[in-house]
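Below, subunit A partners subunit B and then partners subunit C, in two separate complexes.
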Partner chain A sequence: MQLKKRQSPTFQKIGAPLAAATCALLGQGTSNEVRAQELQPWDIDTSLLIYSEDNNRVQDISLNGLARKELREDSYLNLTLAIDTLTGASPSGAVPSTVVQTFTRPSGDGQYVIGAGQEPLDDTFQDTRTALSANWEWPVTRLALLSVGASLSDEFDYTHTGLNAKLARDFNNRNTTLSFGAALANDTVSPVGGSPVPLAAMLEVGNDANKRGDQSKDVVDFLVGVTQVINRHTLVQLNYSLSQSDGYLTDPYKILSVVDPVTGNPVPGPAGSGLYRYLYESRPETRDKQSLFGLVKRDFDGNVLEASYRYMTDDWGVDSHTFDVHYRWNFDGGKYFQPHVRFYQQTAADFYERVLFNGAPVPTFATADYRLGEFDGLTLGVKYGQETSSGEWSARVEWYTQTSTVDSTALVGSLNTLDLYPDMNALIAQFTYKFGGR
Partner chain B sequence: MSSPIVRLCLVGSVLAVLAGCAGVEPWDRDVLARPDMQIVSDPLEAAVDDHIYFSKEASSGGQGFGGGGCGCN
Partner chain C sequence: MRAKLSPRPYGWLGSFEAMASPCEVHVADAERDLAERILELTVAETRRIEAKFSRYRPDNVVHAINTAEGRPVVVDDETARLLDYAAQLHQLSHGRFDVTSGVLRHVWRFDGSDRVPTRAAVEALLPIIGWSKVRWRSPEITLLPGMQIDLGGVGKEYAVDRAAALVRPLSSSCLLNFGGDLLALGPSSAARPWRVGIESLAGTEAAAKQIDLASGALATSGDARRFLLKKGKRYSHILDPITGWPVPEAPRSVTVAAPTCSQAGMLATFALLQGRDAEAFLEAQGVQFWALR
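Moving on, here comes the complex of A and B:
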């Protein structure tokens, strides 16, 4: 919806037609100089993000940039760049134990040892990710805007390529906008040390008999949405989206512990490995996700409330609810203050198992990845911003926590004394500076 | 969630209701034209948040495409 550009009561937008009309009356063509003056120069957004989980878990320092340029009237080029530097440790999926546990690193060329009572974290987690995208939008008719784009990202063990297109058509005196979009992606994962055979047992250092080569997946997204002006102060948006993934959807670095169903202690692994028994996880090769998203944006005497809700469901058994509220207080001098609350809740995937029991049939699919378990998430944050002569700077700080739901069937024997479902707490800090011809 | 047909009817009903909204004339859009009243008023913040929550939760997308392009999930 081109509210800002099309309905802004400025003389800028009528400048080009006026110049054209004037030139036509004078028997001259529109001069290039006049055209050049009407096009907006580059708008640049830059930001530094620090994401930090407690207990030496994932740390991310991210540099992000967005550049937007008007190529022709109402035709824009958008370019984005993101560079992430990731370090820290990530939960492997194995459960803590009352005994010391030794694991083979994913690379297969070393081991790491987790003390009794400690959460098994794989401390080799580090990567640099570079992501680029380009998007071009232009009016195909007086009331329809088409945008097409491409995206590319690269990590040490992961490559993504994607294409997307979206058509937005205004109706009802530009009070209603219908949008249709589609996106295609192809991702390749090249796990360090190879991709494990699903549900194969972890082997000793140097033994790669259970590892395979690169894997890939395709993702197709569809989106249909409507944006509606309710009155002079209120907008609403409603979207339905469908996402279908096909291919390798397993996390090659996640494992499950196999424990004694009575004592809860780890059981011996493959003969000669010197390890306890850990199985690499296994997920289905297809996943269909559907989302319904609603948003309300309302002005209250110059301040802005933004509230949204998303319901998501997929064929893995995950259902989620997300509530998100921002309230922006605008003050004199271009200053603003904006608190933020986000509440998230999801059910577990059907094949989520915190632990596998020795002697029981091994399921076709199983994961102990906490992100596919049942948990609640809460985010609380504040943001302060200040307009400048050429743009704006802002800073925000947020606190994000996840609290998992305990499945008592996993709490057998010694596991009763251990924390199988630790909370995850993260600090999010972002500094943004915007400048250009806006 | 119920069948696709029910969902389609639901979306259709909402569209019908929205089409009945009186709307706002172009000269009354000063408030709606403000940058802080745009649907996505801070694209970089939205992109960063999408990336964080995509990495840490089983859900993604909704307002835009489902995200992805990351080995983090």
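Moving on, here comes the complex of A and C:
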């Protein structure tokens, strides 16, 4: 028996002669550019993000997936899943010292030792977070789009549940869009080893007299925004948002050092603890934030500039400015290159203290969390992407540096010789792959 | 049936029957007057083409050619362009697309039944099939006695393209759909493409595929409804004019995207004529297509 392998014939390309024949039939100028795209049952976006702070501080590996399905025309279901794995150490808030310092771990079942001159980092910081969200958007009228959603996230010491809704209504030949949004969240904190009594002193291993149970907070957000098409090339957007938090807003793992106001050295802690004196931080139980956001998007011959500015102010005394600019250069074959610059600046919270001085009255609220201090942040990045017939992939690399402002009142005695405000640098790498529809 | 214009959320839908197909004209972002003018233009051009080239009419150029009994017929410019086009398609398809193959319908009736003709009946027709037997010296055409031409294989797409050319100066937010052969002059409004469904094979309501079309044409060839079924064997209505028999193993439906409806329709038809190699043929052409088997 003879077996023949069948080969597909090679085909003559008839596109050009067929186009010529059609042109002869119909005349010039009847041709249309073809812009057709098949809708896929699901659009899927996936990304892997690596965030890495220097000096063995926080490392985050984050896997994200977004699935989008068109239920009916203009009606979409969006599902997201994010899994983050955090490792590394984070600053506890205590200041470095010229002496060796010993700390009780948040869990209360062990200690860690920080050498002289070293920044106190809590290296037990490790967590995996899983977050899910679902969102449904549909047109309620021809010009109004409503979306409602729910979110849920869980990590071993934190649970978040949230609901949100947003209404967008077009006006003015669809050149103007007004948006209104609201979101509610309820979060529960179950700190490892319990939640410390605010401003209580750190105790020795095994002593949980200063710890309490789970805590919770509620957050309500409102947003009102307007998007305006200026002309074929330009679009502007302006948003105002208000966020009110109520409940436990303290970071249960952050502490403050109490030092001698002359020598700058740590002072002894509670009798029998064998520790220096460290107080757990304390924050107000409410926080109201307001922010104003403006964005301009402009097309320059197919390349797109997007520039935005955000001003945020809250009743903790934190004011921030964020400037963000990126420019997307589009090249032939669906390739693009996008540089990105972001500058961030914030003032310190009213109750931010780098250290507390022994003998001075203890304030009602105090934190040494660098994220509530005064600092500047600069992000520089580039992104390269390639659209393909089935989707798009892109790779992004960014470098972030954060410089805290030195408060000279904290620099007493030996603290003058130490770096109380070390810079923080982080590298961000992200790989994204989209497939399905557009 | 008279043409009808009805309001739609996006604008206007004009509908009428022509060329044995439901025809639609979708106009977005327009006043009623403009939509009416576009519909009138489209209906008039489509009816003109149908009247002039339908093989069912006793008073047109196709009838004159088909009943000339071997005598030469001199044709007008438009007919000459269509015959030139038919000649080029015949050459490009290596004889597989042939406007003289319509006589095969005397023995092949694709009504879903099992009435497959005898080999002898098919063979008896082959002597009067073949463009190469036609003497075409523009503007003069001569068929052998008994031969017929049928421009039905290009007529509907030609009508879409012609109507589109007339509508183009009036609107770019317009979609013409003549029985599934369609052309978008531009998106329905800024950056909003038209949503087009390709019929699924089972004939269910749900579209098998959905395509967003911002501009360009889509044409579909297939035998979703027209076929014969005998002893479990399916006979497609795509006939090979060289053998007189259906092309085996052709996809049930092929939809192709192209700059004009004529190109899209031809590529879809050529693909079906390739039978099992339909997809490979379209891959080689580098066009967007959707084949259902």
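We take it that the second predicted complex is superposed on the first by the 398 of 438 C-alpha atoms of A that agree within 3 Å, B and C clash if a C-alpha of one lies under 4 Å from a C-alpha of the other, contacts with A are read in each partner's own complex, and residues count from 1 in each chain.
The rule is short, and it goes like this: a residue touches a chain if its C-beta (ideal position, glycine included) is under 8 Å from a C-beta of that chain, and two chains touch if they have at least 3 such contacts.
Nothing here was measured: the structure is a model prediction, and the numbers come from that model.
In the superposed model, A:Q402 makes contact with subunit B only, not with subunit C. Legend: residue contacts after superposition of the two complexes on their common chain; A:R142 is shown touching subunit C, with no touch to subunit B. In the overlay built on the shared chain, the residue A:E73 is in contact with subunit C alone; subunit B does not reach it. Taking subunit B and subunit C in turn and counting the residues of subunit A each one touches, the greater count comes from B.
Of the two partner chains placed by the overlay, only subunit C lies in contact with A:L39; subunit B stays clear of it.
Of the two partner chains, neither subunit B nor subunit C is touched by A:A116.
In the superposed model, A:R174 makes contact with both subunit B and subunit C. For the contact definition in use here, the residues of subunit A common to its subunit B contact set and its subunit C contact set are 8-9, 174, 438. Of all the residues in subunit A, the ones that touch subunit B in their complex are 1, 3-4, 6-9, 45-47, 49, 51, 62, 64, 66, 80, 82, 86, 127, 129, 131, 151, 153, 155, 157-158, 160, 162, 164, 171-176, 181, 183, 185, 187, 189, 219, 221, 223-224, 226-233, 235-241, 243, 251, 289-293, 295, 297, 299, 304, 306, 308, 310-314, 316, 318, 320, 322, 328, 330, 336, 344, 346, 349, 371-372, 377, 394, 396, 400, 402, 424, 426, 428, 430, 432, 438.
Touching subunit A in their complex are the following residues of subunit C: 9, 81-82, 84-85, 88-89, 92, 158, 161-162, 164-165, 168, 183-185, 189-190, 193, 195, 209-218, 257-260, 262-263, 266-267, 270, 274, 277, 280-281, 284-288, 290. The residues of subunit B lying in touch with subunit A in their complex are 1, 7, 11, 14-15, 18-19, 21-39, 41-45, 47-48, 51-53, 56-66, 68-73.
Those residues of subunit A whose C-beta lies close enough to touch subunit C in the complex are 8-11, 13-15, 17-19, 21-22, 24-27, 29-39, 73, 142, 174, 438.
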